[in-house]
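Letters A, B, C and D mark the chains in the order given here, with residues in each chain numbered from 1 onward.
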Amino acid sequence: MTFHFTQKVLFKHCDPAGIVFYPRYFEMINDCVEAFFDTALGWPFEEVHKTGAIPTAEISATFRRVSRHGDMLNFALSNSAPGRTSLGLAFAVTCGDELRFEVRSTIVNVDEAGKPLPWPDMIRTKLTTDTGVSR
Amino acid sequence: MTFHFTQKVLFKHCDPAGIVFYPRYFEMINDCVEAFFDTALGWPFEEVHKTGAIPTAEISATFRRVSRHGDMLNFALSNSAPGRTSLGLAFAVTCGDELRFEVRSTIVNVDEAGKPLPWPDMIRTKLTTDTGVSR
Amino acid sequence: MTFHFTQKVLFKHCDPAGIVFYPRYFEMINDCVEAFFDTALGWPFEEVHKTGAIPTAEISATFRRVSRHGDMLNFALSNSAPGRTSLGLAFAVTCGDELRFEVRSTIVNVDEAGKPLPWPDMIRTKLTTDTGVSR
Amino acid sequence: MTFHFTQKVLFKHCDPAGIVFYPRYFEMINDCVEAFFDTALGWPFEEVHKTGAIPTAEISATFRRVSRHGDMLNFALSNSAPGRTSLGLAFAVTCGDELRFEVRSTIVNVDEAGKPLPWPDMIRTKLTTDTGVSR
């Protein structure tokens, strides 16, 4: 099942061409992952970062249609089966029925020194069961 | 040959974990492409955007080592043979001898309406010859 | 009366000292003004920018207490009586009962060429009556 | 005497109106202060932040003329006589002969807990003598 996150395209996101400046999309993706950990997994980033971090190891994006100021974007996040310390995420971002862009990433659970750590059991359990929550 | 762009990791780039917040890497990549068009191709973005744009269609990144405040990053940009309206770019980003991350992207030349346009002859010529310039 | 806007402090807002990087506060202020025009005035920025803009002419901020990742900030926006083409705004930003920072700004209604324009009558009317809306 | 910092207005700085999005000016101001501490004072922020921080307590800006993509901005920074733990800074930002905007700020030297600390003697000495360096 799928976690949903919505983000209106705001003035700050847009470039002189009147469309979203693509590095801003990666901020939105990060916000979506932060909301997923908070809402769906019950492990908010402000807690995660007291003792470790969840860096992104790989990310790829394909931009299919531009987005403009005022567009309401829906981020549909789904996760793969978790690895021991890593997790694959896929995002399909739509406006209405139109697919705007797709992203795939791999994130890793690490300790304060940056060393990969197994996912906590509670998180692993949630990641292997239904995590779909709308927000 | 290769175009070189340097960027010191500044305070604004770093997150509470003390490392570069990865959406900031994509701003650096965009700055690197902007410098490449300005310095190596002689077609600065402020000119490009008077009549069109050069959006990014696809981008992927693999983050191998973290970067910290004060690190001096070297972006080595190389381009593939240009397509009719698109161009493949590859970036290897190092600090000293250490490879920090790698990026591949595809950019497209478009008109004001977003319709793909053939690269201008002057740009095509430069892209098919040596464009390596240090900056 | 007062317009309220809430913003959780997210990972992207914070710096290596673990507190909000202050230029991010100005993005939040801009988001707050954008929400005020959309929700309280019924004139969303994506409409405003089709024929003009609302630049900030002056802004000042006093930062009294730091804010940290996870803090829920409340922006209380109040406006002065509108000038012919300008408007004074004041923001008191709190977390719980604690005042974190205060901002004052002057914004101006301009046309596409940047020339000051009188506020539309509908907007002037709303600015001189109760615009308090929670969001 | 005055410390000079230059910043070309890049694509990433500009909004759909084709002018600099003002929160980006505060990033530039922060970069200018970071360069001042590095180049003029010999105390780079990456060193400062190992044991403390230099937060901004107050900042005010007056925007007189817009800046556009491609403009080369010159930041002229001058400092007041240092207080025990604080310092007043003034910035006049020009493009060619035209004054674009002015900023005044107060920064504070603090320890890791955020408690104000006297400026190190070496820094105080440099702040009370000529710190003008071009960059």
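The criterion applied here is as follows: a residue touches a chain if its C-beta (ideal position, glycine included) is under 8 Å from a C-beta of that chain, and two chains touch if they have at least 3 such contacts.
Which chain is which protein? Per UniProt: A, B, C, D = 4-hydroxybenzoyl-CoA thioesterase.
From a predicted model like this one, the values you see are computed outputs, not experimental measurements.
Considering the contact criterion stated above, the chains in touch with subunit A and with subunit B alike are C, D. Seen from the Cα centre of subunit D, the chain whose own Cα centre is farthest off is A. The geometric centre of subunit A is 27 Å away from that of subunit C, both derived from CA atoms.
Rounded to whole angstrom, the centroid-to-centroid distance between subunit B and subunit C, based on C-alpha atoms, equals 34 Å. Subunit C and subunit D have Cα centroids lying 24 Å from one another.
Each of residues 11-12, 16, 21, 23, 27, 30, 49, 69 in subunit B touches at least two other chains. Residue ranges of subunit B in contact with subunit D, taken from their complex: 10-12, 27, 30-31, 34, 44-47, 49, 68-70.
In the complex of the two chains, the subunit C residues touching subunit D come out as 16-17, 19, 21-24, 26-27, 29-30, 49, 53, 55-63, 66, 114. Interface of subunit D with subunit A (complex): residues 11-12, 14-16, 18, 21, 23, 69.
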